[in-house]
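Some structures to go through are shown next.
Two complexes, one shared chain (chain A), two partners (chain B, chain C).
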Partner chain A sequence: MNAFAAALGRELRLAIREPGEAATAVMFFVLAAILFPFGVGPEANLLARIAAGVLWVAALLAAMLSLERPFLGDYEDGNFEVLALSPLALSLVVAAKMLAHWLTTCIPLVAASPLLALLLDLGGGGYLALVAAMALGTPTVSLIGGVGAALTLGARRGGVLLSILVLPLLVPVLIFGAAAVDAAIAGLPVRQHLMVLAAMALAASALCPWASAAAVRQALE
Partner chain B sequence: MNRARSDPAIAFSGRALDCMRGDRWVFSGLEFALGAGDVLVLSGPNGSGKSSLLRIMAGLLAPVSGAVQWHGADIADDRDAHAARLHYVGHLDAVKLALTVAENLRFWAALRGERDGIDRALDEFGLAPLADLPARFLSAGQRRRLAPAPPPPPARPPRFRPAGQRRRLALARIAASAAPLWLLDEPTVALDGEGVAAVHAAIRAHCAGGGCCVVSTNTALDLAGAAALDVGRYAAGPAVRP
Partner chain C sequence: MSRLHGLASPARFLRLADRVQPWTGWGAALLIGAGLVVGLGFSPADYQQGETVRIMYIHVPAAWMALFCYATMALGAAAGLIWRHPLAHVIAHSAAPIGACFTIVCLATGMLWGKPIWGRWWVWDARLTSVLILLFLYLGYIALANAFDNTARGDRSSAILALVGAVNLPVIKFSVDWWNTLHQPASVTRIGAPAIHDSMLAPLLLMAAGFLCLFLTLLFVRVRAGLLARRLRALRHARAHAPAVGGMDTGTGLS
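Moving on, here comes the complex of A and B:
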């Protein structure tokens, strides 16, 4: 447990020392959401209808931006070799990376989402559901993204490949995430959508660290 | 290398190891054995498989056939246990440039549940004055060696040989926590005379304490009593394979 805390602390420290990655992701999220009103026109009804989907898609794309660095950095400078040979299981090493990604990238995205929703004039009841759905859905993004990042180690232009690999797998998160917000606006119960999102996060947290660790081992051979 | 050993206590051994990289045979039928306190020096031309052999010894790479054993138990059976008992220093230094010298060391020590060895390791490898400097400044491309001097102000890169200091930090990592088996891939590359002496001293101290050490090198090492293994002798194409 101490070793896991050390690994998590290191990831967080690295993310804070080099804040460009997380900041880029949040800036991308904000800009992408702001661009939509310019593209589709300022009709309040139309914007309100597409707001949930727009925010979710923008958040998914933004989260992809900062996934590659924690994995590729350790691969390129030899840290993964030593991490693979440390007493801490490699699946916990990558789990620390995924958790750090969620804390440093996804939490800021979740925090920014209600402000952007305001900009898109999301309907009254949707804000709380949006934040809850984002908070429950983004762990799956970090977890599955961590598998993709490990699989693309050593590939040229891995960042693009990473998005191509991971985004299709995140379609269920997008569907239930946006559906939760729509349901809240329509006055329907939100609970089942949130529970599906939580279930996906739990399943991903059970499976993804192992898959990611196996991919890292493969890359090290 | 079939050393007839009088003592049965062979700690670390490999039998009939075959290694293939891509579709090329690197070596085949390689054997080695080390007892507690032994040093094995790997030599051989470039591409003969010194690094591959060390990676096989570490469990990072699986041999095509053959087995590596620690006290008779196959290392492939319990990779985590094997990892816990070894230190590996490869070609890459595994130094995080955004962290300070001490933070780099502290992390590796914490992974192994160690807290006390850090200052000693910093001293041993002449890094103590730089403990709080971000590791990226170690590669500032300065030519002159750091004399024992007061710590330089963090804003100004210290006067250092570029890669050598990072190499020292990579090596200090292994001195900061205890593990019975050291696998060092060309540890003295990019080090100056003093750094090389520090490596030799660390290896001698490690082995005096009953540890095993395998070192690959292309230069002469000052390690009395070290066994030598010429990896190039086991070079084999498919035709020569047993």
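Moving on, here comes the complex of A and C:
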């Protein structure tokens, strides 16, 4: 556990000393979301109807931006070789990277989402559901994204390829995440959507570090 | 098991493929031909859907093959990861484009069928969406397999992706049971008697057997080409790294 805390601390320090990465993701999120009123027109009813989906899609795309760096950086400068030899299991090393990605990229996205929802005029009861759904859904994004980042280590056009591989796998998160907000606005129970999101996050946290570690190991061979 | 491992030798696999391929090739031509004649000419029209039901004889076997190709690909990927047989990776890579084509055929015929029956080219229900995701998984797999300069890296990375993507297979199969979709539930592969009349089932099964033979034929062709491409690459690599003879041959490193 100490070794895991040390690995997580290292990832967080790296992320904090390079704050541009997370800030870029949030900037992208904000810009992508506020482009929609210009595209579909400022009519309040229409914006309120699509707000949940727009915010979720923009957040998924934004989260893709900062996935590559923690993996590729360690791969290119050889740190992964050292980490693979350390007593900490490689699956926990990549789990620390995924957790750090969630803390430094996804949490700022979750924090920014109510403000953007305000701009898009999301209906009254939706704000709490939006934050809850994003908080429960984004761990899956970091986890599955970590598998994609490990698979594309050293690939040509790795960054774009990463998004192409990961986004289709994130469709269930998007469906249930947006459905939770729509249910809250319609006054329906939100609980089952949130529970499905939590279940996906738990299943992903059991499987993804393992798959990601296998991908890193074969990249180091 | 040991006999199965014997097949991992590319030379032995190719000898077997040479012997089987004429059978599967002619089998595909005859079965698909017979299936089309019976399905388009002699099977009855549906009492609700009329003549459009004949799209089923292409659509349903293509959908089955789309899933079957992915299963073949995932098994090849797993075998390649576990036993490190290059042939298994070549089989997985060869199955992917064929599966992607079957998926496109399935989606295209489904759209042509949906327009007269549902009134729309496309609806976002669970079955259609999950098959669309299957297409993107195929395309992502092909892109990842070709994204590395080192063949072995492409083999193993794409194999892991194929196994991760395999979670989509049960979702597609059971999507019509789990969600209340516009797409009809299974009527052939269900417990008890198929909910489809023999006069329609016969051409459907003929077409399915024909598509399976077609898949095997194309797979053998692609595996042969894939193995030759790898050998060519290895030869070029060896030539580029061989010591130059008399200073004449230095500029011919092709790889």
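The criterion applied here is as follows: the second predicted complex is superposed on the first by the 221 of 221 C-alpha atoms of A that agree within 3 Å, B and C clash if a C-alpha of one lies under 4 Å from a C-alpha of the other, contacts with A are read in each partner's own complex, and residues count from 1 in each chain.
By definition in this document, a contact is a pair of C-beta atoms (placed from the backbone, for glycine too) under 8 Å apart; a residue touches a chain by one contact, two chains touch by 3 or more.
These figures come from a predicted structure and were not determined experimentally.
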Contacts of A:17 with chain B and chain C, given as first, second, both or neither: first
Partner chain in contact with A:161 - chain B first, chain C second, else both or neither: second
Touching partner for A:43 - first (chain B), second (chain C), both, neither: neither
Residue contacts with chain A in the superposition, chain B compared against chain C: B
Touching partner for A:219 - first (chain B), second (chain C), both, neither: second
On chain A, positions contacted by chain B and by chain C: 221
Chain C residues touching chain A - in the complex, by the definition given at the top: 129, 133, 136-137, 139-140, 143-144, 147-149, 152-153, 156-157, 160-161, 163-165
Contact footprint of chain B on chain A as seen in their complex: 2-3, 6-7, 9-10, 13-14, 17-18, 76-79, 81-89, 220-221
Interface residues, chain A side, partner chain C - complex: 147, 151-152, 154-158, 161, 164-165, 168-169, 171, 211, 214-215, 218-219, 221
Chain A contact footprint on chain B (complex, rising order): 58-62, 80, 83-84, 86, 88, 90-99, 103, 107-108, 110-113, 173
